[in-house]
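First up is the structure itself, then whatever we jot down about it.
Chains here go by letter, A, B, C, D and E, matching the order in which they are written, and residues are numbered from 1 within each.
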Amino acid sequence: MDLATVLGILISFGLIGTALSMGGNPLFFVDSAALLIVLGGTLGAALVHYPLPVALRVLSITRKAFATRLHRIDLVIDQFMEFAHRARREGLLSLEPAVRNLDDPFLRKGLQLTIDGLEPDAIREIMESEIAALETRHSMGVDIFNALASYAPALGLVGTLIGLVQMLRSMNDPSSIGPAMAVALITTFYGVVLANLVFLPLAGKLRHRSKEEVQLMEMQLEGILAIARGENPRIILEKLSCYQPPRERRTN
Amino acid sequence: MDLATVLGILISFGLIGTALSMGGNPLFFVDSAALLIVLGGTLGAALVHYPLPVALRVLSITRKAFATRLHRIDLVIDQFMEFAHRARREGLLSLEPAVRNLDDPFLRKGLQLTIDGLEPDAIREIMESEIAALETRHSMGVDIFNALASYAPALGLVGTLIGLVQMLRSMNDPSSIGPAMAVALITTFYGVVLANLVFLPLAGKLRHRSKEEVQLMEMQLEGILAIARGENPRIILEKLSCYQPPRERRTN
Amino acid sequence: MDLATVLGILISFGLIGTALSMGGNPLFFVDSAALLIVLGGTLGAALVHYPLPVALRVLSITRKAFATRLHRIDLVIDQFMEFAHRARREGLLSLEPAVRNLDDPFLRKGLQLTIDGLEPDAIREIMESEIAALETRHSMGVDIFNALASYAPALGLVGTLIGLVQMLRSMNDPSSIGPAMAVALITTFYGVVLANLVFLPLAGKLRHRSKEEVQLMEMQLEGILAIARGENPRIILEKLSCYQPPRERRTN
Amino acid sequence: MDLATVLGILISFGLIGTALSMGGNPLFFVDSAALLIVLGGTLGAALVHYPLPVALRVLSITRKAFATRLHRIDLVIDQFMEFAHRARREGLLSLEPAVRNLDDPFLRKGLQLTIDGLEPDAIREIMESEIAALETRHSMGVDIFNALASYAPALGLVGTLIGLVQMLRSMNDPSSIGPAMAVALITTFYGVVLANLVFLPLAGKLRHRSKEEVQLMEMQLEGILAIARGENPRIILEKLSCYQPPRERRTN
Amino acid sequence: MDLATVLGILISFGLIGTALSMGGNPLFFVDSAALLIVLGGTLGAALVHYPLPVALRVLSITRKAFATRLHRIDLVIDQFMEFAHRARREGLLSLEPAVRNLDDPFLRKGLQLTIDGLEPDAIREIMESEIAALETRHSMGVDIFNALASYAPALGLVGTLIGLVQMLRSMNDPSSIGPAMAVALITTFYGVVLANLVFLPLAGKLRHRSKEEVQLMEMQLEGILAIARGENPRIILEKLSCYQPPRERRTN
């Protein structure tokens, strides 16, 4: 469970809820028709924007923003050092049993190709295709939330314009102008809140998660190639430790 | 028929139509002069922006956003595996009859050049020119819809300014201010709706379709080059499967 | 004469003119002082933004957006096939009389360097410098119109602010507020119209023309290099036909 | 202590404070509920946007914008010239004692790898990974402040919309409209001030600091590689002096 | 003296001054407190954004936008042709006396390194570092003015919000609302004018000057390298003339 995501949503919506109830009746801000226009219209635009299977993936993508992902870079480095030392002492083939039991499919594929004796350049080509394909899949999720974040306030404005026109066309009673305008503004409120407290932050978290994962894979690829080339474990350690913040390193 | 495009348009316009009729007379929002300014002005700007043949292609481009395009990547991979195995066993020339019957002109051209014995680098150069040319043609369509999406709200603002100035210049009767202003706002309403529920989502769908097609071609090129170099079918499979989402793969 | 540019301007300005006269006195929208602020201020900003010789070139650049430019790609390909066949049969020197009579200076320079026996890499380097220099000159024109399009609405806002402040400072007579505000809004109207119906579309057309021309030059360079390398005419045809839309090709 | 950061904040907040007190009661602008919505909502959005450890690093990142960082490029060049001359006269190994006492971990690692006899290309690869990793860590800080700068005015708008809706729904007393609207505008005021006088300038300063540091490291890498290749000290000086503004150089 | 910069500022400010005095008392628009908030606040933000030495360089950078810079490309080409011919006839060393008297430090350094017998690749590396360093220094100036152009309207909005809140909080006398609002709008007016008639155009001019200078240096580098490689003067002329607009060339 990604604590920050949950905490952030609780804080921002809690504060807004408090503000709503402090200044008057909080039910002023509950308007199911307004919510329907903003959410439904945004959804409609997103369905035109994205193919159906991509749009349907939104829910499973959202879940990723709430999932914890802990990459202990130091453990990954430790594992590589072990592989590198064993490969030097006992040959590449000695890695096979350990490789077969690896959980991480990227690492497993890369090391398996190494054990199979592929040239480092061929390994690099294949594994970089893997990284690029993952980046493409991830960027789609970020993209969807950014699109939602741009449609939501626009739909909010559409709702407000509808409300304003209806109010201006039927201004019999001056005392009704205020409440009518308040209702018209609520769609804008929904649009701005959805975009800035939901869609944009989720897009940011997903982009961040993707960057972390890609960086881990680049580090793993660097290690795989170094093992494939039979490099000196000390040099491998120097290379991999670049991916750690300086204060967490054990070299230097 | 691309279901999402149709569904999305039905949902968003259905919701807006409901909102229009719930809050008053929906005919308030029908104003042919306003529609003419926004649509006609946007069209005029687009005609200056793009050469005539490009602008005329808009309709045929739009159709693409409604067309289904299903690339079964697994079937493409199967076909390549078959070609790769046959080329290994019986030589490249044995592919010729099957290649001649291929529907896909890109795949056919690439494999024909391979059978003709061109160097892999020359094949890559020609086929990458093909991909780049297709990307250029596609990006033109995305470009047009993005331009329409930026002109439509601007024309909406122009219409609203015209209405406001006319209203402000002839304010004899205070009771006419409301309706006059309502009319002035309608062009803004049209502009925002056209941009956010029609032009921007269509631009998004076209960009998406283009990305899919380019990715397929890049995968096909990878496969063609691997066959031209006489690579091991197992390595070819590893390369091509990078283009599949992990859970759909049969390797690893 | 570029039909689309003329047509587009007629349509959009015609529609706006009609809207002006339908809703009241069209002379409401004629205000020479407002036009002077917006146009003059935009011009002033552009003069600070660009060196004088560049700013003065605007008029000649604008003319390009109205000029027809028809590149019959198929004719260019035909000519290259003729050159390629003759160079193969009778040697590069046999091209010299035909090359000397070419109208297109880029093609003439490239083929002349080929006949002079320069290495293909040296030809590529020189001709790519030519293309880059042309792109730089073209992009300057696009740049100017984009700058004008960003200054015009800002100057419109400046004019509106001036009008508003003056109105607010001298509100003796409530009945004069409406007309005074109408006058204030006219500069915004001018700014938005100039930006969206004149400057931005012209920038778009110029960018488009530039892309077309650069693409033609890249195709010509590809052909020149292929002739310089003495390549097989069939391969040259495959390379050049990439620049044609598939349905216009005679190969495949 | 970075004087400009402190001075800039004093000037801008001092001026705004003066403006607040000159035109009326400055307490009009103190509204703890408004501040809570804007600051708390922005914080909440940032927590969803960034993983917790990254978000928590904001404070330590901010400190960097207030810290002085003086890179005397001429001193760095002097040190390299000394190393280069000694390496030429007495061999690379003679640098070891001096290198071990260096404060700068980047320089120490690079020169140590040189003394260890690594190939220049391997040194370049490792050290460029270091620079890229540092750039990634720095860009995260810039990113956070840019995100805060985009959330703050949006939250300000959310607060203003809440205030407006509440005011419009309970307009019994016309004389209360003014003060209620004033309160509603205060969140927008907070959002705009936070974004433009705090978050955006801090993002700018951090980006600037990062650029300076990266440039220094690129210069150091250039020097390390030149020493590793045993280049002529005069050429090394020519290379390093490119990083100095012309008027500070001692060559030419 | 750059005529366009002076002329542009005279035109735009002259027109605005005229507009101010035509519609009422021009002193309405003189408000030293408002100017202080906008200018001072913008300055404060810029001081936080940039290190002090960079911020202080603004004045000397501004001067560049008013300075004439005339690069007669044809004269540069003539000089290179002379050098190229002499180097061919009498050897590289014969250039030394002429090179020592060159005013342009970039050209002098490049040719001196050539005479010293450095490899063309080493010369290219050093001189490209010089160009990159100059571009970095120049881009800083453009950057500062763009930052000022984004802070000025934001500070204008801050000032207007302050004025509005103060007005709304003390609405005893309806007749004072107009003038108070006029005063509030003046900071926005200052911000928009400063951004669009001063900061943005100056940023544009500086970017343009930088591009011109970089292009000249790239042409000089091309010429230096050609001389270092002892190329045929005719080929050198073909290469350098790419940097001239076609109608100014003497070749072809």
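Convention: contacts are C-beta pairs under 8 Å (C-beta built on N, C-alpha and C of every residue); 3 or more make two chains touch, one makes a residue touch a chain.
Treat the numbers as computed from the prediction; the structure is a model and nothing was measured.
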Between chain C and chain E, which partner chains are common?
none
On a C-alpha centroid basis, what's the spacing between chain A and chain B, in Å?
24
Inter-centroid spacing, chain E versus chain B (mean Cα positions, whole Å)
39
Could you list all chains around the ring, opening with chain A and heading toward chain B first?
A, B, C, E, D
List the residues on chain D that touch chain A in their complex, please.
33, 36-37, 40-41, 43-52, 54-55, 105, 108-109, 113, 118, 122, 125-126, 129-130, 132-133, 136-137, 147, 150-151, 154-155, 157-159, 161-171
What part of chain B is in contact with chain A in the complex they form?
2-5, 7-13, 15-16, 19-20, 22-25, 28-29, 65, 175, 178-179, 181-182, 185-186, 188-189, 192-193, 195-197, 200-202, 204-205, 208-209, 215, 222, 235, 238-239, 242-243, 245-246, 252
